[in-house]
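In this document, chain identifiers A, B, C, D, E, F, G and H correspond to the written order of the chains, with residue numbering beginning at 1 in each.
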Amino acid sequence: MRGSLIGIVMGSDSDLPIMQEAAKILDDFKVQYDITISSAHRSPELTTTYAKNAAKKGFKVIIAGAGGAAHLAGVIASKTSLPVIGVPINSSSLNGLDSLLSTVQMPSGVPVATMAIGKTGAKNGAILAIQILSLKYPELKKKLNRYKNRLAAETSKKARRINKNLHKD
Amino acid sequence: MRGSLIGIVMGSDSDLPIMQEAAKILDDFKVQYDITISSAHRSPELTTTYAKNAAKKGFKVIIAGAGGAAHLAGVIASKTSLPVIGVPINSSSLNGLDSLLSTVQMPSGVPVATMAIGKTGAKNGAILAIQILSLKYPELKKKLNRYKNRLAAETSKKARRINKNLHKD
Amino acid sequence: MRGSLIGIVMGSDSDLPIMQEAAKILDDFKVQYDITISSAHRSPELTTTYAKNAAKKGFKVIIAGAGGAAHLAGVIASKTSLPVIGVPINSSSLNGLDSLLSTVQMPSGVPVATMAIGKTGAKNGAILAIQILSLKYPELKKKLNRYKNRLAAETSKKARRINKNLHKD
Amino acid sequence: MRGSLIGIVMGSDSDLPIMQEAAKILDDFKVQYDITISSAHRSPELTTTYAKNAAKKGFKVIIAGAGGAAHLAGVIASKTSLPVIGVPINSSSLNGLDSLLSTVQMPSGVPVATMAIGKTGAKNGAILAIQILSLKYPELKKKLNRYKNRLAAETSKKARRINKNLHKD
Amino acid sequence: MRGSLIGIVMGSDSDLPIMQEAAKILDDFKVQYDITISSAHRSPELTTTYAKNAAKKGFKVIIAGAGGAAHLAGVIASKTSLPVIGVPINSSSLNGLDSLLSTVQMPSGVPVATMAIGKTGAKNGAILAIQILSLKYPELKKKLNRYKNRLAAETSKKARRINKNLHKD
Amino acid sequence: MRGSLIGIVMGSDSDLPIMQEAAKILDDFKVQYDITISSAHRSPELTTTYAKNAAKKGFKVIIAGAGGAAHLAGVIASKTSLPVIGVPINSSSLNGLDSLLSTVQMPSGVPVATMAIGKTGAKNGAILAIQILSLKYPELKKKLNRYKNRLAAETSKKARRINKNLHKD
Amino acid sequence: MRGSLIGIVMGSDSDLPIMQEAAKILDDFKVQYDITISSAHRSPELTTTYAKNAAKKGFKVIIAGAGGAAHLAGVIASKTSLPVIGVPINSSSLNGLDSLLSTVQMPSGVPVATMAIGKTGAKNGAILAIQILSLKYPELKKKLNRYKNRLAAETSKKARRINKNLHKD
Amino acid sequence: MRGSLIGIVMGSDSDLPIMQEAAKILDDFKVQYDITISSAHRSPELTTTYAKNAAKKGFKVIIAGAGGAAHLAGVIASKTSLPVIGVPINSSSLNGLDSLLSTVQMPSGVPVATMAIGKTGAKNGAILAIQILSLKYPELKKKLNRYKNRLAAETSKKARRINKNLHKD
């Protein structure tokens, strides 16, 4: 598990606060990643180079976030056979519905694994990437199971806390 | 006004019945065009070549039609400085809302001149292309004015016909 | 690559014509799969058993299709750390918008890799599953690259055919 | 009418400010309830246990609130024959449309009694729960009628006050 | 359990094919009901009388179905303290989104238990009504549990049948 | 033109800042009106009385504003033959789409003259009411024409001001 | 009540089957009308002339139906102080949502009394026009009341018929 | 390239902060323009005069921005054969969906080149106008190519900066 296994890419630097949520999760799981900016529309050649070199650089999965007519994930998926995860970002007045539909409604043959709109989607993009990697790196499976247990444990803890607080009143 | 001045391109052969409406209008105005298929996602290199060569081939305007996560017009617009007209096509269960938003919500710097969904949009794409060409080819201006007058005359004629039919009853 | 590597599951037998599109793709790639029906709401225990046993049965990826308040993929994702691919099915009057939002808007920690609505989504679910498997089974990578080339070649062929047909007129 | 007759459950502690509106109404009607957190996706086993024990614990109705791909009410309804009331919570960028559709579009055989999005829905979930309980506990019928009269009286009072204020100007 | 315990009412006779789905379920459970037509807008007095007499006639629950600006369930809920179940009917060009929002977005104090759009919602309205009645009539609880088991068994059966059919091929 | 010719009614006192926009316009035109609160759902009898007495009290037009499942205008229209103008108010998380559809999608025979969502709609409700009154009170026609001219003049003035400001820069 | 009191106008002859529903209602009420076609976009001068002459020709109300970016009613309202009723027509792939929003969301000062989408809206446009006329022509008030009673009577009759039919089974 | 080649027009002075984005781009490209206010609905004659004189004044392209039932671009397009670019402005509670649909869904024969909602659309309207002008003024082509390169270069720069910042942490 040496080198960056995951490429995180976003269409604009204003997407960084969203996409860093993916990076944080990967940090927690100690999975190395590369993070950069490339716009499907403003820097199409950079994006093509990115997509074409992704496998050679050792990436196993790409997580691409974009807003508006969000083509970034789709453009990358058209140029690599790696799994591409798309994170729709809410950056126009339409609440992210435009980026969701632009990301998910891909044509036959070129899938984009679409996540929820915004930060939740960025986090889940990282989890999905780790689930995919775990196919090859079994040590990640244990971590994922621990993570799943922790999610459940946190909810139980919150449930107990809420009971206490409400009974105090 | 020799050679094809307008490139019509669509993402799939199933889009042909829609995009031929644009071709018919151009035939009426005796404006030469080239018509082809290229998918942003399934044949990305063909699309890149198409966009990069468009100006060299003498095209002045491109009309691009696509459905679903309709990236075709945007991908072409990212690679040429010619005006690109986008026709959203209703080919998924979402009634063309997905293709409309994927076509129109382009980021700063890379416009796509978006038309109505479907056949109406394809026809209007051709009219807009002719309006643009008329900047350079003044003979088209007269034709456009005649066309505008004909639209009005046809409506007047329909108005008279409707009056007759209803008064017969 | 022995045994079923992929589990296809759907909420109702009326979803079969959609989800068989995934099966056909897997057949083309000679990837073994298991296909069954289990409803998140009508047979919740069957679904729980399915999700909990999926990894043990050797599944590496699950493709789950459902319509309406489409919880199937999410319920399975809550009970396994395998990657879960969700296919929203258009089976209510709302054109699949309900199943899309119910599938894609998953909370932090429990991703569902959401595909396009309907048959296109089912096909792409299979392609994504193969992309994921190719991480472990490199022979699939070549097949995916050939598939990608075939997609491009088919588009080129259609482009040539359309030119011929239109020039005959 | 001893013990908690109603279970209020929500998917996340961030939903508490919404769901406490239900609790306040039940306090006003002096109907005992239990309030807790359990996530359909993050703590699925806790949720299963909750749903399966609900009737045994003496609950007659369950009020479940969740946001995004809001599966909580549906998952509980799949595992109990008690009436389940769903409160869609607006916690994503889509204004609660996602949680509304995920809650209301349940398949045949597994209803969720869906309320308005947000605080109004939480309040009304409590009123509906009391209407249901009143079938068995007739003392609640009188309270409901008094409540209905009070709603009308408050509106009349506001109408009078508005008249005064406007006539002063 | 003598006399009609449930009132089914719809806004127009064109809604009958939808609302009869509720009646069929009640027949299966041997729960007596009354079924009629009354429009919130075209026969407001009939509707008022219906709502005001509902409790006196022995109804315990009302199931109201309507399309478009679907006010029927809300108007009835404003005039009775019985639980009112609303079934949005898809009878305009907007696919039932208008009737869904008109039914579910009720103001504080006047809940309508909203079901899915169309036939599924009508069926589920009947199931919810039976769940509510079961609070007072425990014999219905057993039937509901049997019904729940049957739903699961039918899904299992379909799963087995699908396996057979696919393996024959 | 003695006495209140127009009744303004709204579902809640929180709607007052919106509906006062209608009142201001009527003040400008010196048309007398009555303004009050009555909820279709919380004070249904008050609403019925209001609708039934409206013509007797001398009202010629009713302007009704409400949010959410906005039934107020429709309920009044069901009980009077006066023209009823509906103002959808944006008071839920759905941006007024719910109130718009609940107000406009009325069934055959019971029209509600629906205005834009919010303050603009309230103002326009007043203008439409005056246009209607002008049928009987010709002095209002002149005022309406003056108002129309003033709208145009104000726009011209703004156009001149914008030119000055921009040329200064 | 001599001469045409109401002008019905539509944007295209394909709208005639919808707008004739308005004409039928006016025939039933023996109110004279003029019916014609004029497009806001294709015959703008015809439309301007129509709007400017409407009052002179004796029209008291205008009913305008159009689809897509439905500007007809708004354009007419901008040029006359007569009440203008807008009927959104479902003629694009967006189910009439585009024509509804284009008709109803008019700016301050220029109201369009918007009806439901399609035939129901056309019928209701006629009823609203008669309600408006009744301000000046009291004989119409009686007819409107009789119409209202007939609506209620028809619903009662349908209710009785449904009871009979169901009890025969 | 003397005199104003482009006319920018908007429906209201509140649209100025949006439409000035178009002006800034034109300033950058040293393309002269005229900017003014004219409402399709409040000053229809001013708008007619504007549209009819546009070509005579030397305008080659018109950029029209409006909100709500945004008819401005369409009304102008109905009266000139110049290319008309529409910028939907988000000025109602519906997030600009109303202005987008009112602008883009134009009928056959009368195209409006629709841009993204809001500031992005205003900027892109200017870019598209320059692309159109470049047909006649080849010096603009070079500028457009430089602009395109600058867009790409800026993205590359941001990508390098993000790498530095993240590696510092």
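Just so we're on the same page, a residue touches a chain if its C-beta (ideal position, glycine included) is under 8 Å from a C-beta of that chain, and two chains touch if they have at least 3 such contacts.
Everything numeric in this text was worked out from a predicted model, so none of it was measured.
Under the contact definition, chain A and chain H share the contacting chains B.
Chains touching both chain F and chain H: G.
Here B-C and C-D are compared, and the pair linked by more C-beta contacts is C-D. On residue numbers, the A-H interface is repeated by F-H, which shares over half of its contact pairs, out of the options F-H, F-G or C-D.
Annotation: the chain A:chain D pair of sequence copies touches via predominantly different residues, less than half of the used numbers being shared.
The distance from the centre of chain A to the centre of chain F, with each centre set as the mean of the Cα atoms, comes to 48 Å. If you average the Cα atoms of chain A and of chain B, the two centres end up 35 Å apart. Per-chain CA centroids place chain B at a distance of 19 Å from chain H. For chain B, the set of residues that touch two or more other chains comprises 12, 39, 42, 44, 68-69, 92, 94-95, 97, 104-107, 109-110, 116-117, 120, 151. Contacting chain pairs in the structure are A-B, A-C, A-D, A-H, B-C, B-G, B-H, C-D, C-E, D-E, D-F, E-F, E-G, F-G, F-H, G-H.
The touching residues of chain F, when paired with chain H in their complex, are 90, 95-97, 116-118, 120, 151-152, 154-156, 158-159, 161-163, 166. Residues of chain B that touch chain H in their complex: 60, 81-83, 85, 100, 104-111, 113-117, 120, 123-125, 127-128, 131-136, 141, 144-145, 147-148, 151. Contact residues of chain F toward chain E in the complex are 11-12, 39-42, 44, 48, 67-69, 71, 74-75, 77-79, 92, 94, 97-99, 101-107, 109-110.
Within the complex formed with chain C, the chain B residues making contact are 12-13, 16, 23, 35-39, 42-46, 68-69, 92-95.
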